[in-house]
Amino acid sequence: MKGSNDYILWVDNVIKTFEGIHALEHVSFGVKKGHIKALIGPNGAGKTTMLNAISGLLPPDSGSVYLNNQQIAGLTPDRIALLGLSRTFQLVRLFTINNATVLDNVLLGAHKHLNPSIFEAMFYRGRMKRKENEAKERALNLLKFVGLEGAEDALPGTLSFGNQRLLELARSLMTEPKLLLLDEPASGLNDAEVESFIKLLLAIRDKGITILIVEHNMKVVMKIADDIIVLDFGKKLAEGTPEEISKNQQVVEAYLGTQKNSCKVEK
Amino acid sequence: MKILSRFWWILPIIFIAIYPFTLGGNSPYKSGVLIFVGIYIILAVSLDLLIGYCGQISIGHAAFFAVGAYTSGILTAKYGVHPMFAMLIGMLISTALAWATGRPVLALKEYYLAMATLAFNEIVITLIIGLEGFTGGASGLGDIPPFKIFGFSLVNHIHYYYFVWIIVFFIIAGSLAVVKSSFGRTLIAIHSDEPAARHFGIDSPRYKTRLFMLSSAFASIAGSLYAHYMGFIAPDDFGVISSVNIMVMLYLGGIGTIYGPILGATFMKILPEITYQFQDYELLINGIILIIVLVFMPKGIYGIILKAINRVLRKV
Amino acid sequence: MNDVSHIIQFLFSGITTGSIYALIAVSLVIVYKASQLICFAQGEFFVFGALSMITLTSKGLPMPIAFFAAVFISVCIGSLIQQVLIKPIQGSSVGNLIVMTIAISLALRGLALIIWGRESYILNPYTKGEPLFVFGASLQIQVLWIVGITILVLLIIWYFFEKTSLGIAMRACAENPLGASLMGISVQKSALFAWAWGAGIGALAGAVVAPLLFIQYTSGVMPMIKGFIAMSIGGLGSIAGSVMAGFLLGLVESYTIGLISSKFSDTIVFALLMLVLIFRPNGLFSKS
Amino acid sequence: YAQAQKVYKIGGIFSLTGYLSWLGEYKKKAAELKVELINKAGGINGIPLQLISYDDTSSPEQASKVAQRLISKDNVVAMAGTASVPISGAVASMANRYKIPTIINSGYAVDTAKDPFLFNTSHKTDFAVVTAFRYFQKKGITKLALLMPIGPLGELGSNVARKYAQEYKITIVGEEKFDVKAPDVTSQLAKIRTMNPQAVFSFTTGEPAALIARNMEQLNLKVPFLVSHGNANPGFLKLVANINTEILVPSGKVMKPDALSDNDPTKKKILEFNKSHMEKYKEPANYFSAELADAIDLIVEGLKITKSADPVKLRDAIEGIKNYPAMQGVYTFTAKDHHGTKPDDMILLTIKQGKWEIPK
Amino acid sequence: MILSVNNLNAGYGRVHVLKDISIEVNEGEIVCLVGANGAGKSTLLKAISGIIPIMQGRVTFRNLDITNSRPNHIVKEGISHVPEGRQIFGSLTVRQNLLLGTYIRKMKKEEISRLFNFIYSLFPILEKRLYQKAGTMSGGEQQMLAIARGLMSQPKLLLLDEPSLGLAPLVVETILNVIQHLKSTGISILLVEQNVNAALEIADRAYIIETGRIITTGNSKELRENDEIKRCYLGM
């Protein structure tokens, strides 16, 4: 399986334990290139832990993670990022010290292209400026793309919660990722805003970026996911297309409930 | 007005340039005070890179100050090495030390990091004291010759004054170049949220170590300048207390701004030259002045000045 | 005189120094727990505690009364400082607050210089009596007092911060003032309380240690630094951890002096400290 | 310098804050008193003396700044003071650079080749050690243990003790170090106890000296304990008030003028100064006072000889002083010797019932 | 009327966010605030609970003027605010977090254990995590804790800022049921919820807020029929 070129990400038998809590137990799944895959499950099921294991924030205790057929389990987040993976966080984590602006935040996403050094900063300022200007242009375009046009000089702390989310997304896109991990990106958006957000995600996919998304908003999940994996108490509960999952009795009991609020399959 | 806001930095340079012949009145004491100010500006600015921009709290900056001073002192006084080379060797040693200790030490966070750097400072000092045959021990190391450059000895206090300040300006300019570049932005990201920063391909241990090396090299230069000026150095002036003093300069001036620490260092070094008349009350008065500054200028002296300038500009 | 008595003497010496470090570390931990801040003025509260105790006893006050009075004086100073100096800058960065405590420590030192002059003072032990001799090694009775009081203080503080709702509220306040105020906790009062506690315990440390040390207005610097070290080894914010670390530090010092080298003992102790920090980055006694 | 000066300015560098401040105060008081006395007596050929003194905060850096301030801002003709070896070193560097005669008083050994402008009114450490070793020889003490503070004094004491040990048939049975800020030195003393010394020597002053004496008592280490001459002052008496260890303190004669024979040339000066000191400060002069009184005295003597404020001439004049009786002894400077005193100018003291006594 | 806000203006420093806001909450009522991202909903709750200063206007709670009172005083009067961003105490255990919810009420042991049982029945996971440090819990678990902690103080008025944020659909349902249950016990609720459909279903009335101003108000049924609102907030 892992040799297959269809899969950009392959997670094999991953285990993660915290002080007696089995956050992930023998989880395996794959994400196909160009797909949007959703990772869902009850609170505390281990979804964020899984994203952390993949992105290197908290490496798995055992098991393997392959990104484009390359083993990445145990690598540091920066190495993994250089291989083309980027992510957002469940609670937004923006850079705010020293009055860093929205633009600064997005430009940070270009780090791996700029790759600055002290020597360059001191003695080759012209060359650095040029690279920086190119990046700036791209950053402004991305801000426009996510809908934060004109906010580039604001301080991230003054944006509303939802806009901070969008900023995080722009910053991640700036790294030109091949695979994007999103942790509950739609939380805090109202039903109307969710609609435009869905469009945004689809546009990102159309740029050729694969997405693995953790989300509780079933409207989003059912609308955009090509396939879904469900975790419960650290174990894989089910995997399949949105139709299959929404009919799966176990999933309904453990997670979806009566679905009277939002979940409708609209594909 | 516009010209002023672009080229304001010329004013302090002019001030420094004409000081020895105007306010300084050609007095070794008055230019001496400014030489010390310059040396401590280097220390404060280099520490600001580390603390203010990268968020790596260090209470051991004086250790590198000591390494620079002692390398220069020992090599020139005992082995007759040219001061220029001695200074370079000091920088090399400091940088190497920073490189060697950087990874493990900077992996620590906040107070633990503060603690480890404090320990590092103490280790350097106890070694200087312990290896008395080599360093002069606690009694100090004397007979350090004045600085020489292109065969020209800077015995005259005015020559040395200019020499020091030229270096100060280069270091300030270098530091500004670093923090205003994308390198500086990387530092800010590490400072804000290091784990998140790593997700953008920032190899933070490497960046932190690099910066630590730069900051140490600057501190080492300050040490060399200090040694050649004092002619005599003793471990008393390189202890943890000195490191803490440098830190106070940062916060007093306004951290993470480069300009702030410059003001802070100037303030801290000039203050005792004014309050010494209070004799027994000097300590209390210095404390109270510091407190007043901190209470009324939460963003430091630089913050207040910036605010004032903005207010003036808005009126204009 | 034999090797055993040696080893025991090192032990006693370590306990003596360790008890001092431990008490200071505790006073630092309290302030830290209640405001996430290392208070550099703690060494000065130590000096004020010791010197006011000495002055009061020399004025003929009985020991126990002088003891409580000395602690009370520092509690008042601490509260006053919090109200007048810390409150206005509440909410600025931790670094700023720390530097403020440094400034306060300078001012307090200057004040002590004016009040007590440059002389050193020492207090008579709480109870008279020959030192204890165990296998030829001697231990001062005062050390037993210190250890006893340290344990007592430790228990009280542990109970306060783990079991009483006020203690937990203070910790909550330190971590997240906004959240705490939403729980109806007064952030102001909590900060005031923290300073009062910290100053009080600092002074208490000074008052019990006064019979062992010669104390003058500058005597606060070293204990402060050693207490800080003990606190970091023990894991910031862990009361039991810092007490253990305080004693450990004392013991390591005394055994390195005794068994390895007195000339490089500080180098060794600090090198060990760095190693501990590097390999146990959250303190020696932390779980993970 | 040709113009008639209305006043001779002398700079004082004293440690008034920081860890040396307890001793700086004694020095400053004495210097002020001495200047006052001289001015009362009509100054130097009618020209009064002015003392300008600053605090060096016990830091060499500050000391060197202060020295610069005195030299180039206040235009002093000479400087006096300094409390420790590193501080003296820092001041020496400035004194030599700007050629200002400076009379230090610390353990700093003046090497006239390097420090032509420096004089020292503190007795050489050698003299203190020799004075004590003579006593040891008399008492048949041959095994000496060293317990030296980490720092300049410790280094000095250790070197000098080793230098003279053989001459006085003393074996150094071992050496330990301690940190002057340490609250307890029983570890080191326990180790020393195993060496079975007949005396312990610690070249240290003030609190640490008292601490060792206390710890020795606790450990039942009942041998004489020799400390540095920096302890010959009333503050130390208070520190060791309740301690029964036999403490030996080398000192100048200032501490025990009544024990001096009447033909001792220093006696008159000591008694005179002591009287004024008693009147002004309600306590007798001590070793530190004597150091400073002499420093001012020597500068004044030099000024009297040159009648000008030219520093180089003043230096030469001071160097030319021979057989000049003062409080610390009879000074005879040479081009090689800027200390001027001799071992015989020192005495050995011990403490009995809170009073200074000469040990039998 | 339990809460009334009159012509309230507030913001952050120089940023003026809320402009002349007037709202009311009646005894035993669920009132919903609806608005886009950044409209100022959270800001309004913060102004009511005293976290940010009020520039102009008045807030009265049960006939008591609480304008610009300190948050801890306002809590004592009986307003409990479950804020955006949870604001739990990460280094304390779940139990300690919950107990802090009762900090201002002198409660008997039995009453506290009754409350705890109530909380367990709502969020069983919290019982399992009782001695875990709150900071190490999953996002949803923390959100549950924040709500539970808000309930522990037994408020008369509950300000809920996006309580369903980050919760699984099943739990969202529970929360909505709980809110209805609380209403039936006489607690008034001011609710900010992005799940507008669901929120309007349980709310009695709602205010629509846009760039810091109230633009419409009415009972929830009316509003759900309103085309404009359907398009802007319900995504239909």
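Per-chain residue numbering starts at 1, and chain names A, B, C, D and E are given in the order in which the chains are listed.
Following the convention adopted for this analysis, a contact is a pair of C-beta atoms (placed from the backbone, for glycine too) under 8 Å apart; a residue touches a chain by one contact, two chains touch by 3 or more.
These numbers were taken from a predicted model, which means no experiment stands behind them.
The chains in contact with chain C as well as with chain D are B. With steps allowed only between chains in touch, the distance from chain B over to chain C comes to 1. Per-chain CA centroids place chain D at a distance of 75 Å from chain E.
The distance from the centre of chain B to the centre of chain E, each centre being the mean of the chain's C-alpha atoms, comes to 50 Å. The distance from the centre of chain C to the centre of chain E, each centre being the mean of the chain's C-alpha atoms, comes to 43 Å. Chain centres here are Cα averages; for chain A and chain E they lie 29 Å apart. The multi-chain contact residues of chain E, meaning those touching 2 or more other chains, do not exist; every residue touches at most one other chain. For chain B, residues that reach two or more other chains under the stated contact definition are 126, 130, 280, 282-283. Chain C has residues 113, 263, 266 in contact with two or more other chains. Touching pairs of chains, sorted by label, consist of A-B, A-E, B-C, B-D, C-D, C-E. By the touch criterion given at the top, residues 165, 168-169, 171-172, 175-176, 178-187, 237 of chain C touch chain E in their complex.
Contacts from chain E toward chain A in the complex involve residues 12, 15, 34, 36-39, 42, 84-85, 125, 132, 136-141, 143-144, 162, 165-173, 194-198, 231-236. Against chain B, in their complex, chain C makes its touches with residues 38, 40, 85, 88-89, 92-93, 95-96, 98-100, 102-111, 113-114, 221, 225, 228-229, 232, 236, 263-264, 266-267, 270-271, 273-274, 277-278, 281-283. Those residues of chain A that touch chain E in the complex are listed here as 18, 21, 41-49, 90-91, 158-163, 184, 187-195, 216, 218, 254-263. Across the interface of their complex, chain A is touched by residues 52-53, 55, 174, 177-178, 181-186, 188-189, 191-193, 195-204, 210-211, 214, 256 of chain B.
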